[in-house]
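Two complexes come next, and they have one chain in common, chain A, joined by chain B in the first and chain C in the second.
Here is the complex of A and B:
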């Protein structure tokens, strides 16, 4: 359990747990809920949840305040998150979902940037160690570096990166997003999978 | 043709049967009443024993006091009933609320020129605590509400108006009551439409309206839901 999660002021505001009839107020309310769900899941490193879990979680159920967001309203919040690209249903019945505090495209971008930096650095580093002078010509140079999924999330080289420790489901979606942009290709490596950056 | 059930004879028979059932019914009800009465007496005795054992606790502890009051209410005992008797003599609970009532009146009178006889329960609570000093017994918002209800029953012109999730205490004469309450309730609906108030459907009783502006001003980070809930009787 993560330490000292800071609840926003709305969490102690009883009407926050009633879907507001006024349209403008409701917009603000839903935005606040989306933000709260994402920061809560981020801090508690929760990447997936069932709707039943959600109902009883302190996230939607403030026991001290004696208020809980009713399940119909929870569904509305989840739908908002889905529209924004932060949520994906894991089954047809919409009973469990993947929650990504960063959208897959955003993760993809971060991972790709890291990938480019690393290979460039190590290639240039090698050349320099050979006594050659290196002058960078273009940013989008040859990449073609290959990493296993494990290396990306748990390797030494990614320690300190934001995506270190990322759950596999979200990582895959991030790489799929890169694949769509023709910046990467997901490949099989032995028993597991990996990615090749272009 | 001979039709059954019609004719003077049949009617007389029916009446006799009815009378017999009625008598039996009365006998049954009496039995039940006697039984219930005995049980109630026993319960009352137990409650009295409990009260004398925990007299100190009842005087000192506001939460305990609330629970005790609820227990009494379920068997129709009002420990605040004025006059002599076990409750007022044994517990002095009546004295406690009587004194509190006097303090409430004092505070309201003192501030009436400023607030026109309307004061939020929270502010009243603060003022009463100030007036009681450090060594007095702790008083909760629930205690205030009970004392004010007693005052209302005595016809002193006090009113309790639900507003913004808490209560507004009115200490002006009864004739001016109605308009104010209606206006305040209309104002709540208007504020909701303007997007200035939020609706809360999970409060006990009717729908509550909350003003975020007031919420962040009046309530510091320290105030918990406990204290907010104490405002509800």
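Here is the complex of A and C:
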């Protein structure tokens, strides 16, 4: 898994593992860390982690260089990610977190765009055969097309889409973002949940 | 010493035509003609003194009021007297000055601390000839002795400085007559003594004028040593160097600090003097170059390379870091500085 991952030059630069006192330098350093965390988690398909795991992970611990980012500094990096919208704490103690290499709003946009493209290609027939109720929508909108969460992440029609294989936690947050914008509604469908696009 | 008469109250028992002597311990009267005739009163016996101005037909006097005589008092001119005072009459002049000196001795009370060489009973009851070396009094006495010695040295030194100055001037005037060898020798003698014309408070007084002159002088003294030390020295180093150079007119720490007011203060509080030619950018740029050449450096390594004290080497590296040219690697291996690739590399 780690073999295909290309570490950035900073990963081999010892000062990368020391929180820089110079403010401008630190800004660059933290930006590099955020970017590394997100690309690492994306490639390894890691959507959540505990702080303990993070400390021992090669992500923050470069064994060859004999340098590891101290836990206080790890916390600072995670806080940066949270501020940017890429991280959400899963518990009050801040011991585990959800990591989203794309922010929920960005996912929501992609899913919504896919949804409208899909309806343009008129796959309603296919979906009907899946046992879902689908209505054709015009270019301007989706007109209440409904999908299960499973379809969005694991359906054939989403293969090739970036959000294919997306973890449920992140997907839900993406749909919640759309819900905020009144573009969709999360509904119950049979045993599970789905989404209705407007 | 002044001429006076020693009288005892209204009985008008007079001793006249004598010389009055004042020491740290006693008031002594000696007959002018017969030097064998001599008497003394310990200053410790004196309660207080008062002046009596001169008038028409009256000479100026000092009235000396005395404690009752101690039982072991040595025999004096009289068995007893109904008066508890004596009068010193100044027929000619000297009353004012003598009164001043006597008052001073009464205030200083030096007889209490300074050892007495002759056997003399004092009111304090200390053994004659025994030196009290215990406690505060002993320490005070030692300090007093030291002070006297220093005063002596200072006055001697001043003479030396004056002498060197006059010789230097003579050399200047007689440039042709004095051999080069002699000139060189004298110049080195002056150099080893320090500055020929030290800036003293007397010449320039206190305040900014003095400190400005001082600062100029410092710049002169420090030029060469600074260059030796890579352009940077701590204030304590300067203090030692400057006072060694000045030799006589020593500089107080306050004066040095005031003269250095225009200097930079590093964040850590270490105050340094910088050569005017050394600008911040230059220092930092050269530090960056050195670090880049070696890949990374600790303060110790940098200090060794550049020929600077470790403390000041660290200050320079920290400054370079502050300015964004260097970044740090802080691990169990120690603190290392690297070129700041975060800024230079994309």
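In this section, the second predicted complex is superposed on the first by the 177 of 198 C-alpha atoms of A that agree within 3 Å, B and C clash if a C-alpha of one lies under 4 Å from a C-alpha of the other, contacts with A are read in each partner's own complex, and residues count from 1 in each chain.
As a convention for this text, contacts are C-beta pairs under 8 Å (C-beta built on N, C-alpha and C of every residue); 3 or more make two chains touch, one makes a residue touch a chain.
From a predicted model like this one, the values you see are computed outputs, not experimental measurements.
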item: Room on chain A for both chain B and chain C (clash or fit); value: clash
item: Touched partner set for A:12, first chain B, second chain C, both or neither; value: first
item: First, second, both or neither for A:52, with chain B first and chain C second; value: neither
item: Partner chain in contact with A:67 - chain B first, chain C second, else both or neither; value: both
item: Which of chain B and chain C A:32 touches, first, second, both or neither; value: second
item: Touching partner for A:187 - first (chain B), second (chain C), both, neither; value: neither
item: Superposition clash, chain B versus chain C, among 9-17, 63-71 or 189-197; value: 189-197
item: Residues of chain A contacting chain B in one complex and chain C in the other; value: 9, 13-15, 17-18, 20-22, 24-25, 29, 66-67
item: Residue numbers on chain C that touch chain A, as the complex places them; value: 296, 321-322, 324, 327-331, 336, 338, 340-343, 345
item: Chain A - residues contacting chain C, complex; value: 9-10, 13-15, 17-18, 20-22, 24-25, 28-29, 32, 66-67
item: Of chain A, residues touching chain B in the complex; value: 9, 12-18, 20-22, 24-25, 29, 62, 64-68
item: Complex interface listing, chain B residues touching chain A; value: 165, 192-193, 195, 198-203, 208-210, 212, 215-216, 224-226, 228-229
